[in-house]
Structures are given as C-alpha cells and as structure tokens.
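The two complexes that follow have subunit A in common; it is paired with subunit B in the first and with subunit C in the second.
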Partner chain A sequence: MAKYDKKRINELIEGTLEFYQLKEMMSSHKDPERFELYREVLQDRVSWDDPILLPYGLHLYIVQKANGDRIVKCDCGHEFCDYKENWKLHARIFVRDTEEKMNEIYPKLMSPDPEWQVIREYYCPNCAAQLEVEAVPPWYPIILDFEPDIDTFYKEWIKKPLPKA
Partner chain B sequence: MAKTIKDHQQTKKAIGWDGKTLKQMRREMNDISKETGHYAGLRTLPFKETDPIRFEKIYSKLRGGVVHARETAKKVAASPIVEQEGELCFSLYTPEADSIVTSTGIIIHVGTMGAAIKFMIENDYEDNPGINDKDIFCNNDNHVGNVHTCDVHTLVPIFWEGEVVGWAGGVTHVIDTGASAPGSMPMGPVQRYDDGYQVTCRKIGQNDTLSKDWILESTRSVRAVKYWTLDEKTRIAGCHMIRDLVLDVIKEEGVDNYKQFIREIIEDGRRGFVNQVKTMLIPGKYRQASFVDIPFKDLDLPSFAKLNTIIHTPSEITVHKDAKLEIDFEGANRWGWHPFNATPVSITSGIWVMLSQTLVPNDRINDGAYYASKFGIPYGSWFNPDDIRSAHSNTWHALVAAWSPLWRGLSRAYFGRGYLEEVNAGNAHTSNWLMGGGYDQYGQLSAMNSFETSSCGVGASAVQDGISHSAALWNPEGDMGDMEIWELLEPLIFLGRQILPGSGGAGKYRGGNGWQSLRLGWGAKEWTMFVAGAGVMATDCGLMGGYPASSGYRFQANKTNIKERIAKGLPLPLGGDVDPDNPIYEDNMEAEVIHRDRQAVSTQEQFGDYDVIMNYLRGGPGFGDPLERNPKQVESDLNEKYILLRYAEQVYGCVFVEENGVYTVDLKATEEKRKEIRKQRLERSQPVKEWMQEERTKIMNEDASIQVRHMYAQSFALSEKFTDEFKDFWNIPEEWMIYEDDLGVPTLGAHINRFKQKK
Partner chain C sequence: MARSQILAIDAGGTMTDTFIIDEKGDFVVGKAQTTPLDEHIGLLNSAKDALSQWNAKVEDEFPNLLAGVYSGTAMLNRLVSRVGRRVGLVVNRGMEDNHRMGRGLQSFLGYSYSDKIHINTHHFDSPLVPRKWTVGVTERVDLFGNVVIPLYEHEVEPAIQKLIDEDVEAIVISLLHSYKYPAHERKVRDIAEQIVKKANKDIKVFATVDYYPVRKESHRTNTTIVEAYAAEPSRQTLANIDTALREAGTNFDLRIMASHGGTISIKANELARTCVSGPIGGMVGAKYLAEKLGLKNVACSDIGGTSFDIGLITQGELSINTSPDMARLVLSLPLVAMDTTGAGTGSFVRIDPNYGNITLGPDSAGSRVGVCNPGGGIDTVTVSDCHVVLGLINPDNFIGGVIKLSKEKAYEAVKKQIADPLGLSVEDAAYGVIELLESQLRNYLESMILGKGYSPSQYVCFSYGGGGPLHTAGYTKGLGFEEVLIPAWAAGFSAFGCGAADFEYRYDKTLDINVAEKAEDSDILLAGKELQGAWDELKKKVTEEFKKNDYAPEEVDFRLLYRMQYQGQLNDLEIEAPISAFHSVDDWESLIKTFEETYARVYARAALSPELGYSITGAIVRGVVEVAKPQIPEEPIYGETPPADALAGYRQIYWNGEFLPAKIYEMEKLMPGNRIQAFSILESTATTLVVPLGFEAYLDEHRIFHLKEMK
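Right, the complex of A and B next:
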C-alpha cells in the first residue's frame, strides 16, 4: 500500500507533481493516513489557528472554533457561516444573464443562452476568490453542494479524535 | 382425454438448480439478499477464505476469458463503431441474471442485458418459448430496460447436465436499426414507434443456428445490413466463446465449486464496493443538478412535440453511516416527445460505468455493487416514463448530462479526504452526434453515426488539466478513429480536424479541450444529414470556481460553390471554426443555405456533393478560479491554440508580449491585472441575499422564458418535495404556482400530475 510524506502531499496540493507520479498515486491502493497528513499540511499553509475539521472546497474549510462552533472559513481568514448553512448565501454574487456578460467568458455561439441558463459566480467578500460557479436556469435555488457528517466520519470511519480548538 | 398445454408444462422438468424454475431462483435470491443484506445471504465467504488462490484463479480465468471474447469477436465486425471504437461488451451472468464478470467496453450493458434476462425469467420463457441448450435470444427493446434501440443484445443460456448454470450476453452498438431517421441515435423519433426495429427478448435461433425467418425479417428492417449482420455474428461468437469457457471451468473445478464461486464473487463485489466508499468518501449529502436544452419548437415534428423545454435532473447523493450509497433524483421532470428518454436500468447501469472509472477502478465490476446501493428514480420522469410510447433512440443526450454532476459530487468527498488526484470537475457532453444515411459512395443503402464523440475533453482535476480530445464517459477506451477509416466508410471527406480554443471550461486547471472536424459531402446519393447535440445550455457546472465547458452550436452549408473553387484553385474552408465570433469558413465559400446557429439538434436535410457539415466535440469543465492558473500555462495554451488571446487576457487576467506570432506572458503586469480583476469582481457583484430579493421578485412576476417555466412546472407537477424546497428557499407564498396547462404548450402524455390528482 502506498505511503506518502508531507512533502509529497504538499506538492500534490501545489499541483507540481509530474504526471507519472500522479498516475502512480491514482493506480495505487489509497493510503489510509492521507486525510490526517493532508489536514496537517493544509493547517500549516493557512495563516490562522482554528483547527481544520474538513477541507470543504478550494480555499474553503470547516474549522473548529473555541466556543464549539463549526464555521465555513476561507483561507484568507473570512468566516462565512455555520457549516450547516449554505456558505454561498453569505458570499458575493455576479450573474451572467446577458449575451454581453457571457461573451466575456465564451464566444457567443459557445456560451449558454441567458434565456435558458445563467452563470452565477460566487466570490469571497474579502479576497474576491471565485469559489464556485453554477450554470442553472433562472430561478434555480442556490445549491447546497455538500453537507458532511463530520462526527460519523471521525468517530466511526477513520476512528480519530476530532481536532480541538 | 388429451393432455393440455398446462399439463405438459407442469410435467416439464424445471431448468433451474435443484428442480427449481428460474423464476423461483430469482425470487429466492431477491428475498434472501434483501433480508440479510448480503448477496445470496452469504455472511461469510467459505470458498474464498479457505482456498483463496483457487478462488482468484477461477476469477482470473473468467475475467480474462470474457475480455478475450470481446477482443477476438470484435474482429468479426465491419462496423467502425464496433471494430474501431470498441462499442461492444460481453458479460457472464448467474442463472437468475446477476452479473458475475464483465469485459471492458460499454459496460453499461452489464445491467441492461441482465434486465433482458430477468424479463424472460419473469415472463415464464422457461415454459414458452422454452429455454434450451444452444438457444439464441435477441433483445433491443428500450422498455425492457435497454439504453436505446441500436444497442442490440445477444443472449445465450449455458447448460450443464440439464441445468442452467448461467447466461452469456453480448451487446454491440449497431449503426442503424431502422428508425424513422438513419443512424444509431437519430433525431426525428418522438415515439417508440419511430425508434426503429425493436426486438423483445425473442428466440432467434436453436441448436446454435439462427432461424431463417429471423435473418430475413431483421435484415429487411434496418438500413446498413452488412453492419447489422456482422455485428450479430460478433455477438454470437463472443457468447459462444464465453459458454465454452464456463463449461471448461466447470469441467476443471467441478460444478458445485463453480456454483459456490459465482455466489461468493458477487458478495465479494458488494463488500469491495462498501470498502471503497469508506476508503474514498465522507458520509453526508452531496447535491447537484444538470440541464439539457430541448429546442424542438421549430423542428419538423408532430405538433405535440414542437416545444422548447429543458430536461432537469437534480441529484442528491447520500453516503450513509454504514457506507451504503444512495442516489435520489427527486425533482427530475417529465418524460417527453423527444428521443432522449431513458429507463431506470439505463441510468443506474450508466452510473456503474462512471463509478468504474472513479470510485471502483478495478475489474470486479459485477452486480455486487448494485446490491450495495440504492436509487430513487421518480415514476413519470424522463428516465422512468409512465407510457410505453416514449422514444429512447438518443437517450445518451440526457444520460451523459445526468451522470456528470454525480462525479462532481463525489469529487467533493475526494477533495475533503485529500485524494486530489481523483477529483474530476465533470465530463463533456459527448456531442454533436453527426448522423445521416441514404445510398453511400458504394451505392449501398447505408447509415452513419460519427463516433468521433468518443474523444471529447475530460473535466479538470484538482491537480492538473483535463485531458483534451480523448475520452467519453460512456466508454473509457475513447478513440476518435482514423480519418482514413471514416472516409472509407462514410461518404464524407475530411476538410480537417482542429482543437477548438476555449472549449474546455476555464479554471485554475482547465477542462480538456474539445475539437471540430469539417466534412465535405462526396459520392452519396439521396443522402440526408443531421446533428444531435446540446446547444444553448452548458450541461454541467465547473467545480470550486472553474467554469462549465462551452456549450454547442452547429454549422452546415448546402449547395456550396466549393466545386468551382477547387477547379479554380481558390482557398477552401478548412479545419475548425476556431473563433465563431469572427468566422472564416464563409470567407472561403458561398452557399445557398448556411446554418450557423444554436440549433444543435436538427432533423434530416438532404445533403449532396460539396455540401459541408461541421462536427463539434465538446470539452470538459474546469476546476478552481482561473485567476489562479499558472500564467506560464496560460502562455502555453495560447501558443498551442487551446485558448484565444482575448480570453487569455480577460478570463485568466494575463498580459502578453507578442513577437513573430509567439506570445510571452508578462508576469508582473499579469499580477497587477489580476489584482484589478479581483477588485472589479467586488465592485460589480452584490451580496447574495440582496440578489435573492431581486430574483424572488422575478419569480413572483413569472419573469422567465417559456422553456424555463415549463421545466419548473413539470418538476412541480411530479414532486412535492422539490416544490416545497423551491418555495421554502425563495420564501414564495403557498398560492403561487406554475401549471403546465397554463403555459399554452402541448401537454399530450402528461399523465402524472399531483395537482390534478389532488383535485
């Protein structure tokens, strides 16, 4: 079974591994200790101290606060909301709902037609990172992408203690 | 008194195990598996645990043999779809039709052929027409659980000393099955009766010989007879190879060991799947949705099919505490008068195709995984029609879109656990399909469906770009085929193949690019062409800040002056339509009719010599914020023509210096430009909650196009849960509602309607 060190996981996060190295990682049986290693590497990379409970998306983490709250937090330090809520509702949004706005991203014939579909871009209010993009018809409820069961994951699946603030 | 048929049937020896009928075996298997949670009630695996080497040896023999059967048999075929693209698959089943091992190829048919065998068992084929050693059965009936009419199954029972010990099944994607339009996935059918020649689990041969009436009828019912005939020989050859293999294994290992093995290998598959879920995923819920346009309002179709609407497929993946995987499609909208409907078996089987490329990337694909999962398939939806009249000839159109977001959902778990190498932002919508038929360049009645679609762009991962022009969700062995072979088989000359800049979704890692080919009509008579692709909608989102892949359009020119231009040595349209905002095809030809529009699904139009048609194969979605892409990668994309200059500048925020047509990125200026773009983002965006109030007002005023309102009206009519969630999210009052009947569009066939049922 494959085993990796922090350096390799950091390179994976950085996107600097060669294809043959990625291929080897894809073809090998998964390393069970990956999550802990990954979480520790990510914790070292962020500037704040709240323990990461779960990486939630590119730039986004569910973190443990000292008062017991679990918060969705951007790596820039911006805190969105409780992890049970949809962080997108606390973001900034730009909706591409005209041909002109679509044409900024795609040639006209290659973009969605706004009469059928719009593109919603969700930005971090602090660092302006584009955190998610939805391509949906007008009126579509904002999608709550992921509701993790963190307690079951730690206690029953990986059998590790939850990080404490 | 003379004996009745019933008396005869009762005295006939059952062909199942221990004197049981296959029907009894099927029911017992269902009951015990459900009751115990283990396939066949196997709480332990005594054979595997006591003699693991022998167990694995049998597995390897069967798996290797089934793959070998596919590789050998496909050489019998003449169809480029089978022989070049590998659009075939073989599988070995238990007597009750649970899959034991399967070959490579279009493994969606693990489920569909199983459904056909189950149909025969359920309908007492054992009594009539009888299931005997050396019989041959054929099925391609969509409503039995097939994917679409062109997927033709050959099914052969395997007997050992009077008992059925299994079934061999083979499927090929046949080029034409006699639908109302030529090609294997035609546009034009809107009802089952347009879908072509459908064979419902029919006995077509005995004593290993095809019946003459079958050969005559079937070959008179399809257009491309030579492909049909050789495809059938391919399937029979493969099935007979598998039958011989199984009988050899039984001779060597003993029938009791074989019987124990086939039970344990499926339970082993179930356990393996559960283990993979626990290894790779995170318990919880994952939500996503896909949309496909149906722009049928102006097509040449029956009046009840002429409307614009959208196929809506929301999905919720639940990874339960015990690692059971559940996928619920509640909220999906209604089936319709289009050829994109599907069956529950085809959507769930297709999910296994996808999972075999990500969550369970091994060769233990069998029905064990099916027993470890659960699906919610709304009755009356486009993938579970409540009316046998539904058409299915181009079901992939909607299926591909429905599956891709599931991969995106799973990727959130891979991302959370650190398996970044497994993340995939989604898949290309494998289209446009380029189809046609008539008398080909050899004077033969023929048909075509370009399988260049098997090489679309792959979605980006969290660590690298998606692979360009390389793969299709439905067949992991993607191959665009050689132009020279296509030209031999189709009356269309290539005017080039070219990567389409910007077709992969932008992102920190971009989606794999798609490409285009341009074809010139040559040598056919009475030939028609049409395309089938997603047009005005992106069929998937990007992931974590990446953009969706570009959506679709068509280009076709009829009655051109290309013949004269060739005679005069003038330039011709060549290669791809690389920047449709600044088209150049038209600079190099004149034509009486030019279709350059968003109508990416079309119906048959006559197509003659020197007419031109473009095939556009889509890219994959992107991952991450494009402003975080390494500027040197953007530079490389620009110089290698994977992206256009203006998008390299405005989407990726890069600044370049150009010299002799070669671009070099200015890193410092790029950093400044990216800062400026981020600033602009904050300036022109607004808080989501503020925007929601504006959007709510539009909803209250019913301010949306007819197709959008129709999509919601259908989902509202089928699903109370979706309606409640919609209203709850937007804080919409109870009395607000959109009804299909109020939209002034055809509603023929709209049976299930919870509003009317309430009344």
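Right, the complex of A and C next:
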C-alpha cells in the first residue's frame, strides 16, 4: 500500500512534484493515513496554533477554538466566522461586471457578456489573498461552498478522534 | 561439441544478452554490460560469456555462424527520454500546432484501464519537434488528391532557411493528404535538399511519402519524425556492430528484427520499425515452429515478469496492426498484432482498501521478483511470492540458483498483507492469488479469441516465456484448445524467434479504390490498373532494399496483399492476393471471392454486404529471401517412464486446500516419449512447468511438452 512522508505531502501541496510522481500517487490506492498526514502538514505550514479540523479552500481552514467554536480562518490568521455561516459575506468582494473590468483579465471579445455573467472575486481583508472566484449570472445569490458534517466525518468515515484545542 | 549456428543479440539499456543457438536447437545465453558509446564492445563480451559455457572461443565459433539478428532498445530509449536529434518539421501553413497538440489518445496511451478513465492522470509528453522548429508552407490537397491550393514555392526557401538557422540536424516534410498526391511533398523535399546543399550542411530530408505513404496524418507524421529523430542516429551504431562482427570472423549480413515480424538489413531505408521488436520475437518463433509442425492456427501466450502477451496465428499468418502505438505515440508501422495485459509473475498483489478484494497489478516488480528476493528491495507481495509460499518454485534454484529466494520473507509478507486482512491461512491466500491470476488470464485469452470471431477449439495453444509454463494448465483449463504445447526451450523462445525470423521487407501504401457491386468492366479494369500500379511501386521498393545486400530480384519471393472493405464500413481486412498480377475482370472476381471468404470467417456469412460495393484501401508487398534458421530438435522416442535420474526429489506443495508431495523433475533430463503424471514440477534454469492434478504432460520427439487435461 502506498505510504508517503510529510515531505512528499508538503511537495504535493506546494505543487513542486514532477508529473510522474503525481501520476504514481494518483494511480495508486489512496494511502489510509493521507487525511491525518495532510492535516498535519497544513498545520505545520500555518503560524497559529488552533487545530485544523478540515481544509476549506486554498487558504482557508475550519479550526477548533478552545471555547468550542469552529470557525473559518485564513492562513494569515484572519478569522472570518462560524463555519455554518458563509465566510464570503465577511470577505472583500470585487465584482467584474463591465466589459472594461473583464478586459483586464481576458483578451478583448473573449470574456463573458456582463449582462449574463459576472465574475466575483473574494479577498481576505487582512492579507488580501484571493480566496475564491465564482462566475455566476448577475442576480445570483452568493454561493455557499459546502457545509461539512465534521463530527460524522471524524467518527464514522475516518474513525479518528477530533483534534482538541 | 556444439557448432554455433545462429546469433541473436538483445542489446538492452543496461545489459546486452546474446543467444547462440547450435544445430540441435540448444542454446547458451551470455550477458555483459551494454557499452552505449561502442555497442559492439559489450556485444563481443556478451558473446564471449555465452560461448565460454560451451568452452568455446569467439574466434573458433564465429566463422560457423550462419545468421545474426540484432534487436536493441537504443532507439526506443532515445524516444522515451527525448534525446534524439534536433528535427525540423515542414507542414501546411496553419497546421503548425498539430504535432505538439498530438492526438487526444496520446495523453493516455499505455495507461491501465483505471487511469484511462481517470482524466486527471492524462498527460501529454513533450513533442518530438518543438513548435519553434516547425514551419508552414502554403498548399492544400483535398482527401481525393485534388490540388485545391497550389504549392507556394516562394515560401519554401525562407521556411527551410529558418530551420537551417535553428541548426536542425534533420528535416521532415509532412503535408496533408500527400499519400494521395505526393508531388508537393517531393517538390518541397527537392528544394530543401538544394538549399541544404548550398548551405553546405549535413541535414537529411525526410518526406513522409518516401517512407510511409499512408492515411492518418498524425500517424504518418509521427512515424517519419521517429525515423529522423531516433532511428537514423542508430545507423552508424549498427554499421559499427556489423564491422566488429566481421572482424571477429563472421560471414553473414547482420539483420535487425522489425515490427512486421521479419528481419531487415541494417542498410534498410526505414529503420523506425525496428524500434519495437522485443516482444514479437516469441510470435515469430511460434509461427516458425507452427510451420515446422504443420499447424495452421496457433494461439501464442507468453507470461513474463510484467505482462501477459497473447497473439494469434491464423491460417499460418501473423495478423498485423497497421496503426500501433509505441512510446505513447500513434504510428503507421505494420506491427505484429498482440494483446497485452499487465499481469505477470512480478505483478503486485494488494487488497483494495475500498472493497477488500485482491487486486493484481497493473504495476510489477519486474526483474526484482518480489519480497522473497532479499536483494530486490520490494515491500509489496508479488505473484512470485505466492509461488514460493505454495512451493511451486524452488527458492534455492531460481534462475539456476543465481538468486536465492527467502521462503520466510515471502510467507511473512503474504501473511501480513493478504492472508491476515482476509482472514485466510497463508497458503489459502497464496492459492487464491494464483487462482485469481489464472482465471483472469483465462478470461482474457478466451475473450481475445472469441472477440476476433474464432473459437479456442480451432487453435493449438503455445505457451512460453519465463513464467508461462507455471500457469499454462491454469489458464487453459476448460477452454478446449485443440492442444496445449510448451517447448522445453520456453524461456529462450523469444531469442529463438529472432533467429527464426524471415529476411523480409514489407511496404504498405494507402489506396482509395471504390468499385460498385455490379460495376462496368471498364471501371473494374481501371481499379485493377491502379492496384497493380501500387503493387509495382512497392515491389520496386522491396527490390531496391534487397539489392543493398546483393540479392537479385529473382531470388526474392514476392507476396502481394491488399486491404479491402465494403464501402462505408469502418474496418478493412488484410488479405493475401490469390493472384500474382492483375490482368482481367476474372482477377477482380477472385479478389472479391477471397475477401468475402475472409469476411465470412472473421464476422459471419450473414453479414456479407456486397450491395454496398467494395473499397480497396491499401496495397502491401512482402518480399522474402531464404536465410539460415535454427533447427528444431529431433530425438528418438524412449519409453513412457521418465529415467530415474531425471527425478530430482519431492517437495511439499499446497494445492487447492491440501498439502501434497510433488515430484520434482529436471526438465533437461526428461526423454522424448516420457509421460509425466500429476502432481509434478519440471524445473529448468529459467522456467518451471507445473503439471497439476487433472493434467498430464507428454514430451515429444521435438522436445515439446503436450499438456493434456485428463477428462
């Protein structure tokens, strides 16, 4: 069975693996320890100590606070809100809804018509990292990424105790 | 004292193996380090090593050799590791990105089934010719061969000059539909050659029509690029080997194994087809053996360390795949058709963590055998480990004792990784793995034969390769083959095959000749003229090739073939022409008749659809000249009882729920006529034949075992 060390998983997250290494990992059965290992590597990469329960995006995590709260946190340390709320409502939002704004990132005439589709970019108010982008019709409500059932996931899926703060 | 007859060379990336076959069919295998810069040094060392086993010397034995066949991996390695020549490519203006984009399926060629349907694993390798060395010239020919846009000759010079400025070492020209209208490509070629000459450069120019005038643009372009990129650089290496062999006393024309199942001269025009020669050696050997034994239909099966290869010989002929792939490129080379599944004796055995069942492969430990090989560095159980646990292979006599295997290590690994998680005893788990492997192979074999429209009962099954005979009984059980044959020299069968290959050229050309069901005579004669024209052109090519080795056209046995289909259908059939030349309407009738007979055999009589009309899609010419081939052993028949000294002892084995004492025979000491009852294990240096319960083996006068299922 495939088995990897923290170094390899860190390279996977960094995106520095060669394609043949990635291919080998994708073609093998998933290593049973992967989630734990991945969580630990993520934990090592952030500067704060709140235990990570789940990764929630490229820069976001659901973390356990000592008072029992579970909140969405950016890797810079900025805390958004409870994980059951939509963190996007607390982010800086930039909406590309004109041709001029579209043309900043697309060649002319190759972007969506802003009357039909806009691009919403979400940024961290603290570190300004781009956290998420969604392409939706202009009237569309802000999308909620997902609402994980963390307790069931730990108890019944991976059968591991929850990390404690 | 043996007299050497045939030399077969297999130059791998690290080791060069030489097989020297004597007049009785016995052979010795020599090994030496490959010397990539001067391959002939490694080759001569390897031959020395081989002959030392006969206490013979190169200088004494080399003059006896009647033939020598080379196969090597240097070209393939050049392709796979992208270290070929700097090749420039000339294509239609506007098509410059086609080569680097490549065919979609090239992103998953060579993948296991599970990866093929897992799109994240798909990946395009870097192109052989980068975009910056690709230039376009304006011209357009449509699919019927009509000139839609004439060649803009004034664009050729700046395009070629750009490539010369980029310092390319070869130039390939591939224009759309050039196989239908070669004039433009040839014009570009001629202009390019002039410019190269004027610039005083040594740059060879390759036009696809001079090499592979066949349909399918990506295939044709890729193949011609491979010719320039990987094959042409081998020419000098081959010439050096030939010289070195002659200096060592040989007196034969060195030949190379080629993908179409014949061997060609090192001076041949098209060398790219020698890139893929390795696995077909066995098929060629089987064809030769089948001819000698008078067998028409043979199913060949070969288990090595990493894969199970099967191929069919039908009506005495190998079937040919005209657009195979290699090194993850689609090509238009004729390749002996074989089907391969990634299940061999080195295949890894795992428990699927999601479903809890045993999975085999697709990856394997290859030559590192398994956990049982202490020096192999393998942690995952392989099929070989299960063999060791069951007692089917002798851990102290693996490859003649070269590698000592550890039964304890195998036992521990199978227990921990397979038996304990499944709640089985170690022996039952190992037996289960073998049963699973054999039933997979059996299903595969059966489906390949049935899928081609035939039935196993029409075929004799040949089994060879290092791991084949161990499982032959298991994977042929119940399939109802006419007979199951295992040559006693099974492990060296591939080399035997190389030695047994014909000296043969084969050239293909695409045609599009459409003739209605009840066509006018004038249409038929026109079609026949075009077909005959193509045959003549190809015959000329073959004659030219043989001339390089001083064979006169009269010495060449020409065979004409054609590809035909019903108009509008997708698959054509390759058929040997029943005529020696096209003269009249009667000849057309016999082409049709032969096509329909083949069609009815492959598909069904009820599927004949003459109302659609006929298409001839290709012409093929094969030319063969006589060369020396290895002898098949012929020995007097002794009695049915094996001689006492052949019995090496008994070993406890585990089979289907019980421990049994198995008789261990030394394969070499068994005599023709001997009948070997179950449960027996016949051991030789590089192969093991298992005669399990319900089977019996008979050794005939050619030293071929007949494995019979007792009913």
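The criterion applied here is as follows: the second predicted complex is superposed on the first by the 165 of 165 C-alpha atoms of A that agree within 3 Å, B and C clash if a C-alpha of one lies under 4 Å from a C-alpha of the other, contacts with A are read in each partner's own complex, and residues count from 1 in each chain.
Basically, contacts are C-beta pairs under 8 Å (C-beta built on N, C-alpha and C of every residue); 3 or more make two chains touch, one makes a residue touch a chain.
Quick caveat: nothing in here was measured; it's all calculated off a predicted structure.
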| item | value |
| --- | --- |
| Contacts of A:Phe19 with subunit B and subunit C, given as first, second, both or neither | both |
| Partner chain(s) touched by A:Ala129 [first = subunit B, second = subunit C, both, neither] | first |
| Partner chain(s) touched by A:Ala66 [first = subunit B, second = subunit C, both, neither] | neither |
| Partner chain in contact with A:Lys30 - subunit B first, subunit C second, else both or neither | both |
| Partner, of subunit C and subunit B, that touches more residues belonging to subunit A | B |
| First, second, both or neither for A:Leu162, with subunit B first and subunit C second | neither |
| Footprint overlap on subunit A, comparing subunit B with subunit C | 19, 26, 30, 32 |
| Sites on subunit A touched by subunit B in the complex | 9, 12-13, 15, 17, 19, 22, 25-26, 30, 32, 34-35, 37-39, 54-59, 88-95, 103-113, 115-117, 119, 121-123, 125, 127-149, 152-153, 156-157 |
| For the subunit B and subunit A complex, residues of the former touching the latter | 278-280, 282-289, 291, 293, 310, 321, 361, 409, 412, 415-422, 462-464, 502-503, 506, 508-509, 536-538, 540-542, 544-548, 550-553, 579-581, 596-598, 623-628, 630, 644, 647, 650-651, 678-679, 681-682, 684-689, 691-692, 695, 698-699, 704-705, 707-708, 711-712, 725-726, 729-730 |
| Interfacial residue positions of subunit A with respect to subunit C in the complex | 1, 19, 23, 26-27, 29-30, 32 |
| Contact set on subunit C toward subunit A in their complex | 112, 114-115, 118, 120-121, 123, 350, 352-354, 363, 380, 417 |
